[in-house]
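In what follows, subunit A forms one complex with subunit B and a second complex with subunit C.
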Partner chain A sequence: MTRKSTQPAPEAVNGSQVRITVHHVTRVEGHGNIVVDVRNGTLERCELEIIETPRFFEAMLRGRPYTQASHITSRICGICACGHATASLRATERALSVQLSDQTVLLRRLVMHGEMLDSHILHVYMLVAPDFLGVGSVIPLATSHPDIVKRALRMKQFAGELCAAFAGRHTHPIAMTVGGFTHFPSRQQVEALRERAEALRADVDATVELFATLPYPQFERETEFVALVQPDDYGFIDGMIGSTDHPPRPVDEYRQVTNERLAVHSTAKHTAHQRESYMVGALARFNLKHMHLHPRAQAAAAHLGLSAPCFKPYYNSVAQVVEIVHCVEDVVRLLDTALERGIVPEDPAPVTLRPGARGVGAVDVPRGVLFHEYQIGEDGLIQEANCVIPTGQNLGNIDRDMRALVPTLLSEPEDVIRHRLEMLVRAYDPCISCSTHFLNVEFVGK
Partner chain B sequence: MAHQPETVAGGTLVLGVGSLLMGDDAVGVLAAQRLQGHPDLPPGVTVLDGGTAGLGLIPVLDGYRRAVVVDAVPMGLAPGAIRRFVWHEARPIPHGGAVSLHQTDLTDALVLAETLGMLPPEVVIFGVQPGHLEWDRPLSPAVERALPQLVDALLGELRSE
Partner chain C sequence: MLAKPKIAFFDFTSCEGCQLTVIDALQTHLGLLDLVEIVQFREAMSEKGDDYQIAFIEGSCTRESDEQRLRAIRQQAMIVVALGACAHLGGVNAMKNRWPIEDVQTYVYGQAGRNLYESYPARPISEVIEVDYAIPGCPIDREEFVRIVQRLLQGRKPKLPDYPLCVECKLAENACLNKLGKPCLGPITRAGCHAICPSHGDGCEGCRGFISEANFTYMREILRGHGLSDVEIDAQFTMFNYYQLAAMGADAPLSQINGNGHRRHAADAEVLPASTFAAPKEA
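Here is the complex of A and B:
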């Protein structure tokens, strides 16, 4: 279901009631509307409507062999395909007691770093930067700031090739399988990637310099942050579910964190843990485990004015820039390890089928923590599946940020309010297609 | 998108684009597959399956002297009709890239590449009028019949300078 998109149509009712309708907030993935209703100076309604059709991937998995799950679920998203595949594989592997080799763990990490880089570069350069550089999209940005767009494309290309070297291809990876990989790059390929990763530092430094100059809105609201945590590591795969409000929980207890519920205005479910809502994503990860960032990433955070705890949602994009620095450094380190150990072709680790096997896979993908849970029968067919997507977990928090933000903006012209709200939603880097699975803004009175 | 081989600086790139899952949108990719390894393919020509890579196609195009792009193009002709046109004669209607980068298409990629000075000096497009663009359908009979003609037309183009 998509609603016909309309242009922003401000309608002044009187001094205390203004009706503004904007359907289709752009530069986010998927379809949603922002609705703001202020009557007689009172905020009556302020929410992100999610109107995209649910996609029923969980139902598609039922009755399918476990070997197909990662390939089917990677289609949930064209940006986080590797993240969905990895969460899917981890759910299956944990259900079927698969013990991964150190090499598989290392290669999976490289793939996730590639995806994190690709997604963050896309978001900060092509979706966020136009807001600050006074252009409507990446196409005019290419005219006004060609060097910036070329740099972004160069960095994205590296990220995509990193994923492809290990996962066969970036979008919808093919070489990752239950228990391991079906393809291994040559030593020369790995050496070439290592050289390019190191050479990317100049672009990374230029990225930090660019984003350090942008005037981020300073709005802040205290909330709970949730991310995967690991001892002594800024990792993205496995670990415990960390929270700024609660001791870490095992990933098997994810339902006690997510507590999914239906929201009337959204075809994506909302979640709540210790408060009415929580936030996942780069800022949540930064707040929970900044101490494990690479020293260059920590220096970048200081230069960008980001310190923990940070309750400013617009700074999620800043945290993404910090993660770009971290990932490039970590890729260099991981590739060094791979070269030192040598990459040896190996068979996938074996599975143990048993009745009613159940497993949870958790991966901190670019937009936040992603859970897949499967129940697999002794015949290897999936009996039950559940996927909890990061954007879904952020929706409640976006609503509450908007409710806190709008009253501070009522003296501003409507165009400013609208733009600020769109920027807020974009800061969360929502992937609405994944969570239901667009964005329109509607104001009703002010 | 297929893995990118070494760029032949100054050479010709044939780029078949589209989705194999979307009926006649597959025609560009299928044409590229038929050209790869074709005995009549002139030397110095790189053939790539560009899939649905969108903006990812920009770095792929950079460095070639000539690009021959093959894609399903709705032109209001009979299904299977093939039309050759050069990029500068076409009137691109970019999506704008503003809506969502999930939706960037070939036109956006070409416009952006041109703006950035990364588009080969010569870009020729072979458009094939699709009959249908639905999920999970094979090529329509008219486009299936046009495929050998398309491959011949591309080989003819590649032989010409």
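Here is the complex of A and C:
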């Protein structure tokens, strides 16, 4: 699958012949190439190639004890390790009829909020912001805008410590296990986190201010949005599969939404539901359940110029900023609840093994909805496994966005087209080690 | 060592969690950026330089095209460091080596996709190029990374402990999980992570690799004592160390997984003891 950069230097640009290839798109998680081929003014080819090496996690799970599944699958991705672990645990728990305690549900939510913050902060500050601040990466940013980098690191550190307090570590979580947790923080630790979460508001406000000043490309294309929905909550774990085109479905019917298929140019499978493609992630969640955001997050959205329905893919980063605001507020609320109830060490809830038990786990991780499905035998060994990853679900939509975008850019210099496409792909925050991996832009014939 | 060495990060088959851990290390050690010049780090930056002295490599080698990239890196770098379990041991990627590659390809991509994407059994990078040092773990330990970089900058050889995790677990004053009836590979696993998993109530899974004097027989007995079946014990041993154990061939302490043609990929490879590579080159 590796495409060699053997293309000759592009010829003079006249808008009718454009060949662009971007190999190994940077500042994304994983490996991908963007390929654009315009001949005689016609867009012949425009796609995101996924060249990450295939990893075969689903195959590897076969024959392994169910107790190992969440620790193995968290290794699918260093960024959404807690999300994979949670989806894996929910699949196992639903297969083995495990009833979680209220405390476990609460602590899992806190871990997912921590991961959402960690991932979004990394993405908007370190991967997206350099595009707008005229630097190649966060490294020169540390010299040109030290306050911004220090703020990002400070916020990220809090997010990591939130995950660590409950899960032991963000990459890769340790204490989350089937039916509950194997470790519980002290009251003092939780109180200290609560204090720090509240103190983080100044940094959150500064984040909103910074991102309100950036000039996002206004490209827009109507599409379907898919996210997990819950009554009266902007939640990330469990719920129904919501869509802007279709009534909500139970998570057990996820295959009717994802309809995975192979794409030759991608080691990650593509998906389609009501249209040729759909979008998952922060913008999809915002479009489907913005009414459940914390009032401060709603105010931030208004300030950032984000309102539902928003069909501008570059605004996915803006929706991530809005979710940062929401998560910090919700963390304060959830920690208050934890302190009110007190965190009591408890044994994991029991499992019920039976022949051929199947279960689906669904979690809206930073990049969108993630599904794990397992079949577990009476001996506790996994018989079948299937994982559908958010970035895989977005790939078809990215291709279609690029095809709609490129014709509007043909009068621009190649560098501008290339940069705009890279930014588009980056806005989706693709996580290619998950979906398998990501990015390069290949312009094949300008 | 050079005054301000140029360093580069590379990733092969992995979750990139070790590179994220490097980024996280900057939260507490931002000063590192003054001591080195990072010329390549695809996950974090667009700038790209091919002039570097130290290469940190994350991920396993899982396809032929990886070998060329690895050799090119080796040719350029004065020092090559394996970053994390995938590069160091083969890690979780090698669990797939239990089956013929066609089987795992068909399982994930279907009949139509079985030959679509290049892949072969996963290997540690030391099977392809000479590796100077390893920073073990899944993921790496942030402090150990900083410590090893410090030593490299001082022109000293990084050292890894070759004693079991139990030593650190005792120092942390943890109750022994094996005594509490929870499976833990601490007695045979290389220390250096401050027993982070047992300290959070979860048994060690061996991500740092085994110590040179690992007593697999007694470890198996302990695990049997917890009521684990042979299949479950093999699964414990092989989450991160499938490659090492399969390479031991008939000597591997496995009851089920071994002995079924699950040898290392390279036909000519000699059998290494599990810990040869991980040991520091010089004290």
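By definition in this document, the second predicted complex is superposed on the first by the 429 of 446 C-alpha atoms of A that agree within 3 Å, B and C clash if a C-alpha of one lies under 4 Å from a C-alpha of the other, contacts with A are read in each partner's own complex, and residues count from 1 in each chain.
Definition applied: a residue touches a chain if its C-beta (ideal position, glycine included) is under 8 Å from a C-beta of that chain, and two chains touch if they have at least 3 such contacts.
Just so it is clear, the model here is predicted, and its values are computed rather than measured.
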item	value
Side-by-side fit of subunit B and subunit C on subunit A, or clash	clash
Contacts of A:Met60 with subunit B and subunit C, given as first, second, both or neither	second
Which partner reaches more residues of subunit A (counting touched residues only), subunit B or subunit C	C
Subunit B versus subunit C as contact partner of A:Ile139, first or second or both or neither	both
Subunit B versus subunit C as contact partner of A:Arg169, first or second or both or neither	both
First, second, both or neither for A:Arg358, with subunit B first and subunit C second	neither
Partner chain(s) touched by A:His71 [first = subunit B, second = subunit C, both, neither]	second
First (subunit B), second (subunit C), both or neither touched by A:Leu122	both
Contacts of A:Lys156 with subunit B and subunit C, given as first, second, both or neither	both
Which superposed partner A:Thr177 touches (first subunit B, second subunit C, both, neither)	second
Clash-bearing segment of subunit C, relative to subunit B, as chosen among 61-69, 151-159 or 223-231	151-159
Shared contact residues on subunit A - subunit B and subunit C	24, 26-30, 78-79, 122, 126-127, 136-139, 142, 150, 153-154, 156-157, 160, 169, 171, 433
Contacting residues of subunit A [partner subunit C, same complex]	1-2, 24, 26-31, 53-56, 58-60, 62-65, 68, 71-72, 75-79, 81, 122, 126-127, 130, 136-140, 142, 150, 153-154, 156-157, 160, 168-169, 171-172, 174-175, 177, 181-183, 262, 264, 267, 269, 379-381, 433
Subunit B residues within the subunit A interface of the complex	1, 3, 52-53, 55-56, 58-59, 94, 96-102, 108, 111-112, 115-118
Complex contact set, residues of subunit A against subunit B	24, 26-30, 78-79, 122, 126-127, 136-139, 142-143, 146, 149-150, 153-154, 156-157, 160, 164, 169, 171, 433, 438
Subunit C residues within the subunit A interface of the complex	11-21, 23-24, 26-28, 30, 33, 38, 41-48, 62-63, 65-66, 91-93, 95-96, 98-99, 103-105, 107-110, 112-113, 116-119, 138-139, 196-197, 199-202, 205, 229, 231-232, 235, 239
